[in-house]
Structures are given as structure tokens and as C-alpha cells.
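The next part holds the structures, each set out as C-alpha cells.
You will see chain A twice below: alongside chain B first, and alongside chain C after that.
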Partner chain A sequence: MVLVLALGDLHIPHRAPDLPAKFKSMLVPGKIQHIICTGNLCIKEVHDYLKSLCPDLHVTRGEYDEDTRYPETKTLTIGQFKLGLCHGHQIIPWGDLDSLAMLQRQLDVDILVTGHTHQFKAYKHEGGVVINPGSATGAYSSITYDVNPSFVLMDIDSLRVVVYVYELIDGEVKVDKIDFKKTATANASQ
Partner chain B sequence: MYKETVLPRILEQVVNCKDDIAQHYLMDCIIQVFPDEYHLQTLETLLSAFPQLQPTVDIKTVLSQLMDRLSNYAASSAEVLPEFLQVEAFAKLSSAIGKVIEAQVDMPIVGAITLYVSLLTFTLRVHPDRLDYVDQVLGACVKKLSGKAKLEDSKATKQIVALLSAPLEKYNDIVTALKLSNYPRVMDHLDNGTNKVMAVVIIQSIMKNSTCISTADKVEALFELIKGLIKDMDGTPDDELDEEDFKEEQNSVARLIHMLYNDDPEEMLKIICTVRKHILLGGPKRLPFTVPPLVFSSLKLVRRLQGQDGDVIGEEVPATPKKIFQILHQTIEALSLVPSPELALRLYLQCAEAANDCDLEPVAYEFFTQAFILYEEEVADSKAQVTAIHLIIGTLQRMNIFGVENRDTLTHKATGYSAKLLKKPDQCRAVYACSHLFWVDDQDGIKDGERVLLCLKRALRIANAAQQMANVTRGSSGSVTLFIEILNKYLYFFEKGNPQITSSVIQGLIELINTEMQSDNTTSDPSADAFFASTLRYIQFQKQKGGAMGEKYEPIKIN
Partner chain C sequence: MLLRRGKPHLKLPEKEEEEELEMFQVAGRGPAVQRHEESSGPMTRFRRIGRGMGRLREVSDDDTTTTELEFELSCKVINLEALQQIACCGHLDGESRATVWKLLLGYLPAERDAWEGELANNRLRYAELKEELLVNPSEFLRKEDETFSVSKQGRIMGVDGLLSRQKVFNGDHPLSLGNDSIWYRYFKDAEIVGQIDRDLERTHPDIEFFSGDISQSKRNRGAMRNILLLFTKLNPAIGYVQGMNEVLAPLYYVLNTDPNEQNASNAEADSFFCFVRVMSDSVDHFCQQLDNSSVGIHSTLSRLSELLKGNDEELWRHLENLKVNPQFYAFRWITLLLTQEFEFHCIMRIWDCLLSNPLGVQEMLLRVCCAMLVCARHELLKGDFTSNLKLLQHYPEIDLDYLLDTAHHLTPIS
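== the complex of A and B ==
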């Protein structure tokens, strides 16, 4: 059982002062094995905070990030899954699933995690899964109205991943979960 | 009996001994030995002894101890509080302190402040609801400090910070502290460094308590208090400040801006204008930190007002999206002082999108104009240009407000600049991104198949040129990745039903890629291989879908 926290688009301090208190109390150091962050933290303080939750932190560059040296995309393997990470402002039209699927094919990953739209999405297609953890602070977005703060926790266990999405709605944290199984022959050539 | 007989006799003895060490010790004993209720009841008598003691006795320490004891006594149970009121403890202590400070002319300033800190602690414990008492204590402090230069003594400044922090901790609400008229006056006597320390303490208190400051007046008062962070005091920039510390400082101001809010749009607009007025005095170093949160705060207000016309006949409604966009325009313009063209470009694009949602075509067009001007004139770094042009294309793709002429002008500019990026692969990617400008999936969206194809063909030409360049410069072709990306775009529009993109066109592209990949000249690239493989898998999957999609894909052969 490997826990991966996926979050992004915090936009601190440009669009939000801090993570919601209820999220902060849930995110405790030492419980998570990896953190993948779609970008737009935006400042070093947030990077340091995430690093304190888990030393294995992966961040891709958002267009407002103070540190412009984050990579545009990142791939990593966790258990049997290949994960891809990209902020998403580079993929036009923004939020378009077909265009994101193309990136997924290009990175050759089972799970693609992107952000930018601030809207949670978990979408399965023939090539794998696309996840958007939304905005962890519920930051303003020109693309999505009424953003609820959200983040995703993935539980990776051999060929199965359970995606838990945590959303703060009207002051309460609501959890939902989605199951994905990787077929062993998914990457076999024709 | 204590009151009538014991205490007066003891005090007489203490005064008469005229030995400063003994007096100090004995007063100390009296305070420690006898119970607090006794002290309360004999307060006047006890306090009257102080001026009679030798001038070298450290009265302030003894007085502080007395007040601390009484403070603790008050905190021990609520039942004793009425007693304090009955004996008019505050008035007596306050006046006694005043007398002591007056009498001991040589008392160092830290001594006087310490006394006031003790008195304030006492007041906050015993009379928390009497803001006038609290203000009185601060006022006495101001009086003591006035006429002198700004404090240099670090012990004294520490005590003043303690003095000013006490009401914050007690009330957990900056709004209460804002009501204390002498609060800002005390702050004015701090040196610049300590002033800023105190300002940060204030902001931290607000953030910790999630206090919302909800009127323009309160915002004005608050920004007066924290002015040390907002602008350079005395007109001279603080060069000694460490860059990290400065960033932290300004980031805390940025966070603070999100705590200034009112549901009522008129009041919220007033708040925005107040904040704007203050941050524009901050100078180029501070603007990149303070402008973005104000911009987003304003955009949130615009969104709330969306749909409301505001042009109701007979009503003066200052808070309209149009008005706010004007303010936004001028605010973002200030970033040119820094200069921060990349940030300003992003903010202009955000405003353009918001204006689009408000059906304000000329306003949206103006924001795009500003963004393009910045791109043309200020964004020189090639990597920054790539991001900037993608942001422009991405935003433009979402615009539905533009009429044909305006849209054409902007898309023409976007595609033009895309083709002029420095590196060929970047050109290629930006140009095929532009294909989406001519095809929007909405009901009324533009669906210009020809121009889509033109973009894709142009991207292909650029990819070819990139290959040839690689041939010449490196002796072998570069990677075929760009071709595979373009193929994927062809598939995208093929599926959307662009009549210009036929299965034979796609077949041709697949053959081209196959040939390139098998050519001896081409450097082997495993990631390109994997990309092509997954693309072909996708095509196969679509073919096997059956139905309309399967039919569409039927003519395409992959092996």
C-alpha cells in the first residue's frame, strides 16, 4: 500500500492566504510516501511545507510559480504504475480531455495528473487515467466557477489504484473514491 | 484590623527607616506575605506610601509585582472582579504609577514602559470590556514617549512590543485593537525595524484568528498601523533588510489582503480602492507581491456582479464590472514601474477572460492589446516567450465575445508570433496549438476547418525544417516526435468532423512517420517509439469501437 498525495493550484499568496484549516489538520507528516504537485504553489514557503509532509516531493511548473526551474513535465514509477505530471497550461484547449490524452500517450504513462482548471476530474479512457486534483485552496479560476478546495490521495497496490478525492464543501470535508485496475496487458504491442 | 491598625503602623516603620534597601525588601514582604484581598481593600493606603520612600528605591519593580499579583488574583476567579470595581483599583493604580514616574525623573524609559505593561496586563484581566481604560494606559505611554526621539533601547522596544501585543492576544480580534485611538500613536514612536516587527505581529494575529476585516474604514486604520510594511518610512528604502526576510514580509501582506472582505459589493469596492491607494505607495519592490492578490480579489467581486446590469435607470451604482476593470487596468499598469512584464501579461489575460464573461467586448479587446504589447516589447527571454504565447493562445481560444474582425486580428497576431519563436520545435508546437483557435466545440463556436488545416500544415512544414536542420547540423535527423504530435492533432480534428481532414491525409502522415522512423538517418528515440506505438494503439481502439467512430477510422490502415 503506497499513499500518493496529489494536489496543486494553491496559488498562495496570490489568490489564497493558506490551505483550509480542515485540510491542514488532515495532512500529517510521515503518513504519505510521495507527493506530486501540479504546480502554482506559488512560493517557497509552500514548497517547504509540502516537503515537511513528505520528503519525496515532485513539482511541475505552473505559470505563476516563483521558482521557474521546476520541470514542465515529470514522470515517475510507483509500484506497477507509471505516473505523469504536468501543470496543464501548456495543453490547449485547457482542460480538454482528448488533448490531455495526447500528452498521456506522449509521456507513455498509466496515470496522468494535471491541473490548471481548478476542477477535480478523474477520467478513465483506453490509454489510462487522467486525474485533476483541483485546487487545494479553492483558488479563483478564470475557467471554473465556484471552486471547492480539493485534493487527491491515491492508494497504489500492485495493479490497483484507489483514488480518494477530498473536497471541502460548505465547511465540511467530503470524500469520494474511485477504483482503477491496470490490465497486465495494457502496454503490450499489437 | 489589618486596614486600620496593622498596615499603617508597618508602613510608618518602613517609611521612617529611610534605608532604601530595607524599604525595598520590606515593601516586597508586605506584598508577598499578606493576601491579595487585603491589598485590594487597602490599596489607597498602600499606594500612598510609595512616594514617601527613598528616591533610590526601585519602586517600579515593587509596583509591577503588586499589579502582577492582583492580575493573577483577578484571573483566579470571576467572583473577585466586582471587588476590584468597588475599590476603584484601576484609577488608584493608574494614578500611583503616574505619580511615581513623575517623581523619579531619572527613571529609564524601559522602567516606565514596564510599569505600563504591568498595568495593561492588569487592566486586560480585570476590566477587559473597558476599552477606554486600555486606551488610557496606552495614552499615558504615548505621553511619556512624546517629545523624545524614536526609541533606540532594545529592552524598551521589547517592552513596547509586549505592550502592543497584549491587547491582540487578549481580544483575538484586530478590530477591537483598531478602536484604541492611542494604539497607532504608540507605534509611531517605534524605530522602523520594531515598527515592522509589530506590523508582522498584527498580521499574524489576523491570520491566526482568521479575522475578516470588513469595512473600508477599518482597512484604512489597519493599513495605517502596518504602514512600515506597505511603504518605505521616512522616504528612505531599507537597504539592510535581507531579501528572504523582505519576501516573507511582503508575502504576509499579500495573504492579509485576502482577509479584507465584505459581502456588500459597494463596501467591497471601497475596500479595494483603499488597499489600492496604499499599495501603490509601496514602490517597485513591493508591487509584484501586493498587486496580484488585489487583482484577484477584484476579479472575485466582478464575478459576483456578473449578470447584474448596474445600469439601472435612476440608480447610481458605482460597483459595476466596467468600473472595476478600469481600476484593474490602472493597477496592473503600475507593474510597469517594476518592471514585471510577465506577471502583468498574465494578469491582463485573466482580466480579458473575466471581461469576456461579462460580455464586455471592447474591454476584453483592450486587455488583449495590453498583453500583446507586453509580449512584443518586454518579454525577451525565449523560454518566457513560449509560456507567454501559450497563455495568450489558451485564453484567446476560450473567448466567445469577439466579433469576426477583432477575433481575426488577435488570432492573426497569435499565429504570427507563434511562428516567430526562436526554436523550431517551440514554433511547431505553438503553431499547432493555434489550430484550436479556429475550432471551438461549443454550439456557436467557430469551426473553420480550412484554417485548422492551414495551421497543421504549417506546423508540419516547420517540423520538416527542423528535421532538415538537424540533418545539416548534426548529420542525422532529429527525433520524429513533432510529427507524432501533429498526427495526434490531425486525429483530434478528424474525430471532431473537420471535413478538411480525411482518412487519406492521416494515412499519409502515418506512412511519413513510419518511413522516418525506419530511415538509417534517424537517431533512435525510445520515447518517440513509445509515443507512436500508443498513438497506433489508440487508432486501433477507435477502429474497434464500432458505430460511427469505427466507421470513420475504418479506412485507416496500421500495421
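== the complex of A and C ==
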């Protein structure tokens, strides 16, 4: 039972001052084992805050990140799943399924986590799962102003993943979940 | 296990041939120990009547005890009193110790035939309790989902496209801060588990059974962790108190080293119930609110003082004058049932004695504590506050036979 927090596109301080208070009250240290961040934090203070929630932090570079040392992509293995991380502004057209599937094949991962569109999405495409945790602060994007703050918490338990989607809609935190499994033999998600 | 040879005290007159073995056990152990509440006196050499044969022979204590024990354990209906008498001298052999302790604690009923049923029932109950209280939320929710959505097809995604979102079970999610959230409770328990783990790491660091790096030791620690966590969850009023791991340790060790394979593999379940029974006597000592009440630790400590006063007034007065109060040394003796004061193999023998008292563990415990004071009276009378406290907090090695013997012979407080 491994809890992995996926979030990104905070754009602090340029487009948003901080995470929503309701999110911050829920995010306490000691519960989460890994944090993966799609990028666009943008400053070191945010990095330190995330590090205080969990020491195992993975970040990829977004186009507005002030720290240039973050990698463009990252892969990690948690339990039986291979996760890939990339901000997404490099994949053109932005949010295009086929292009993202190409990246997924390149990185050879089961679950690809990308951001940049500031819209939560989770879909299965060509043998892999793509999750976009949206923007954790609800910052505006170049596509739209109307953004609900959201992030994702994955509970990885051997061959099964339960994805908890946290969204702030009209000031209230709404939680949904998505279940999927992977077969032991094939590498693709079933 | 070191078995000490008793000191020969006296020879007994020849017994009648037809005397039953039962009778023999009571009368044969030394002279007129007519105290009704406990049994034997000093270790003696005594004669044993061959069954049905008129031969008399002198045997050593250990042989006699072992064969008596075997006899007792082979009866259809166990005679608890006889067992108590055998156990109280602390001469149980390691192999039967597990069974004897289970009988003395009342975990196993006296009828031999009922053992299988009882054990099976209890072990099943333990498994159920574990499943109910110790499962982690992921697995729990997975099971819930499977029972609820057996009919739902397409949960296992075969088709490309947007993954469908579902409602969370009971509005519960890992970051929930509500008291009725299983996740929240799980993380709260994680703190207790952390403390239990820290204490388990420190239990008997010199004994590999508990503190080794091999998988067997890790399994042992895991089993003990489950037992302590379950106990804590079932008794939220007391919670987990540091020291409970020490009380559990000898119990689990004995039950796990049972030569009977089936018993040893179920040691976790059996230890849990035995642990509950042992704790039920002394649980009040762990509860801080009860400290000053009539059942609390302070009242027990004053009973210890009274016992000492009744048996060795000079020593008592000396300690009173020096202000060496029982709170300073006997707190740990009593709450932890002397597990921290002696070597591990000595603890076994002392517990044999404690568990065998028909009047209960606590009564015998006070006697042994008092005996510890009386046996060290020579040094205590000479010493001052500092040296006495040092001695009592690091009790020196002592001949256990002598100690237990003194304990048996103390005058109880009326």
C-alpha cells in the first residue's frame, strides 16, 4: 500500500499565491511515500514545502520553473508499476493522445503523468494510462482561465492502483476514485 | 534452562505401599507444610512409590518432578492443584512449560478432550480479530469493492478511452481527517505501531529470538507487534504502555518453543489470549488515573510495605528511615512482573512460581518482591540511601531456590 501524490502546475508566485487552504490542511507529512510533480512549481519555496511533506520528491521541468536543473522527463518504479513523468509542454500538440502515447512508448512506462493543460484527465490509450493531475492551485493556463484546483493521490497495491482525484469545486473538496489493474503477465495495463 | 539441584533437607519416613500417587504428592513434599494457600516447602529428596509396586527408592528432585508432571499431564482431567504444586517450585522442564502455563492461566480447560476444540475456536477468533482490526485500508477497501460490485462489468478496463470516475467508498479517502475514516484511524495507529516497534527492538537485545536479524526473529517481532497492537485496539482506555512488550516476551517465547509443532505455529494466537489473561490482573497498574485508587499501583506498593513490615520489621524500619520508598524500586518489579530484574531463564522459573499460586499472580508477586528484600537484608541493613537504591534497582544474582523458598514461607498480611 504505497501512497503517491501527483500534482503540478502550481505557478507560485506568478499566477497563484499558494495552494488552497483546504488542500493544505489535508496534506500532512507522514502519510505519503512519494511525490511526483509535473513541473511549474515555480520557486524553491514550493520545492521545500513539498519536500517537507515527503522526502522522496520527483520533479520534472516546466517552462516557467526557476530551477533549471530539473530533468525533462523522469521514470520510476513503484511496486509493480512503472511511472513516467513529464511536464507536457514539450509534447506538441499539447494534450494530444497519440503524441503522449509516443512518449509513453519511449519511456516504456505503464502510467504516464503529465501536466501543462491544467485540466484533470485520466484515460487509457494504446496500452498505457495517462494521468493529468491538473493544476493544484487552479492557476490559469494559456488555454483557459476557468480552472478548478485539483491533484491526484495514487494508492498502489501490488497489481492494482486506486487513483483518488481531489478537486476543489465551489469551495468544497470533492473526491472521486478510479480503479485499474494490471495483468501480471503482460506489461500493458489491462 | 538451568535446573538447580535442591538441597537435601530431610529424609521422609517410609510410606505405605498402597498410598496413591495423589496423596503422595501432598504429603511427600517435606515436613508439615500445612499452609493451605500454598504448597511445598524446601526442596527435599523424597521417595517415590512405584506404581502398584512396593518398591521404595530415593530419587532426585528433577526426575521426580518430571515424571510427576508427565503423569499429571496425561490424566484425562487435569488436577489443577497438583499442577500448581509442581509448578510453584519452578522446576518445570522446558518442554512441558508451554502446556502447563496454558493450563495454569486457564486458557486450556481441565478436560483433556476439550483442548482441541478450545484451541481451534480461540485461534479462529484471533484470526477474525486480526482481519477486522489489523487490516490496512487498501485491502479492506478492495474487499468491500469486490463484494459490492461483483455484478459490475467493465471495471477492469479493456477498452481505450476516458477512465470512468466512481464514488469513493463512504466518502473516505487517504487524506481524510475525520475520526470515522478508516484511513485516518490507520495513520493514527501507525504512531502506536511506531512506538511498539521501537520497544520491540529494545526487548532482550541479547537474545537472538527477539532481536536478531534473521527472518525468524523478524517474524517473532511481527507476531508480538500484532498481539500488542490488537490488545491496544481492544483496550483503548489503557492504550499501549511501554513495558507491555516485556510482559509479553517470556509468554511468547515459551509458547513459541513448544515442542508440539502445531502449538508452536499457533503461538501468536495462543500468546494473545494468555497475554490478555496475565494482563487482566495487572492492568490497573498501567492506568495512570487509577494510580492513587485502591486498585492502583500505589496501593499495591503500600501492601508490599506492609508485607515487609510483617515479616522483617527491622529491615522495614531501616528502609523507612532512609526513605527508600517502594516507589523507587518496586514500581518496575510489580508492573513488569519482574521481567527486568533477572536473567531470562530465571524469569521462566519465577513465572512458573507466579502463575502457580492459587490465590493469583499478584499475591505471589508481592511475596517474591518481599522475599527479594529479605534475601538482600544483609547488604540493605548496612547500606545508605544511595547504595540501597542502587542495589534494589539492579538486583544482584541470587539463588532462585532460596528466593522462592523464602517467598513461600513469608507470613501473609492478614
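Worth pointing out:
To be clear about the criterion, the second predicted complex is superposed on the first by the 184 of 190 C-alpha atoms of A that agree within 3 Å, B and C clash if a C-alpha of one lies under 4 Å from a C-alpha of the other, contacts with A are read in each partner's own complex, and residues count from 1 in each chain.
Definition applied: a contact is a pair of C-beta atoms (placed from the backbone, for glycine too) under 8 Å apart; a residue touches a chain by one contact, two chains touch by 3 or more.
What you see is a predicted model, and the numbers here were worked out from it, not measured in a lab.
Annotation: superposed three-chain arrangement on chain A; chain B versus chain C shows no clash, the two fitting side by side. Residue contacts after overlaying the shared chain place A:E126 against chain B and chain C alike.
Of the two partner chains placed around the shared chain by superposition, neither chain B nor chain C is touched by A:L76. In the superposition on chain A, A:R105 makes contact with chain B only, not with chain C.
In the overlay built on the shared chain, the residue A:D18 is in contact with chain B alone; chain C does not reach it.
In the superposition on chain A, A:Q90 makes contact with chain B only, while chain C stays out of contact range.
By the document's definition of touching, neither partner reaches A:L57: not chain B, not chain C.
In the superposed model, A:M1 makes contact with chain C only, not with chain B. Our angle of interest has its tip at the CA centre of chain A and reaches the CA centres of chain B and chain C; in the overlay it is 110°, to the nearest 10. Touch criterion not met for A:L159: it reaches neither chain B nor chain C. Of all Cα pairs spanning chain B and chain C in the superposition, the closest are 10 Å apart. Residues 126, 189-190 of chain A contact both chain B in one complex and chain C in the other.
Contact residues on chain C toward chain A in their complex (touch as defined above): 136-139, 141-142, 145, 155-168, 171, 173-177, 187, 190. Across the complex, chain A meets chain B through its residues 11-18, 21, 43-45, 63-64, 68, 89-90, 92-94, 98-99, 101-102, 105-106, 108, 126-127, 139-140, 142-143, 145, 189-190.
Within the complex formed with chain C, the chain A residues making contact are 1, 3, 25-28, 30-31, 121-126, 129, 153, 155, 157, 160, 162-166, 175-181, 189-190. Only residues 207, 210, 247-248, 251-252, 254-256, 258-259, 289, 292-293, 296, 299-300, 303, 346, 350, 353-354, 383, 387, 390-391, 393-395, 397-398, 433, 436, 440, 481, 484-485, 488-489, 492, 495, 527, 530-531, 533-538, 540-541, 558 of chain B touch chain A when the two sit together in their complex.
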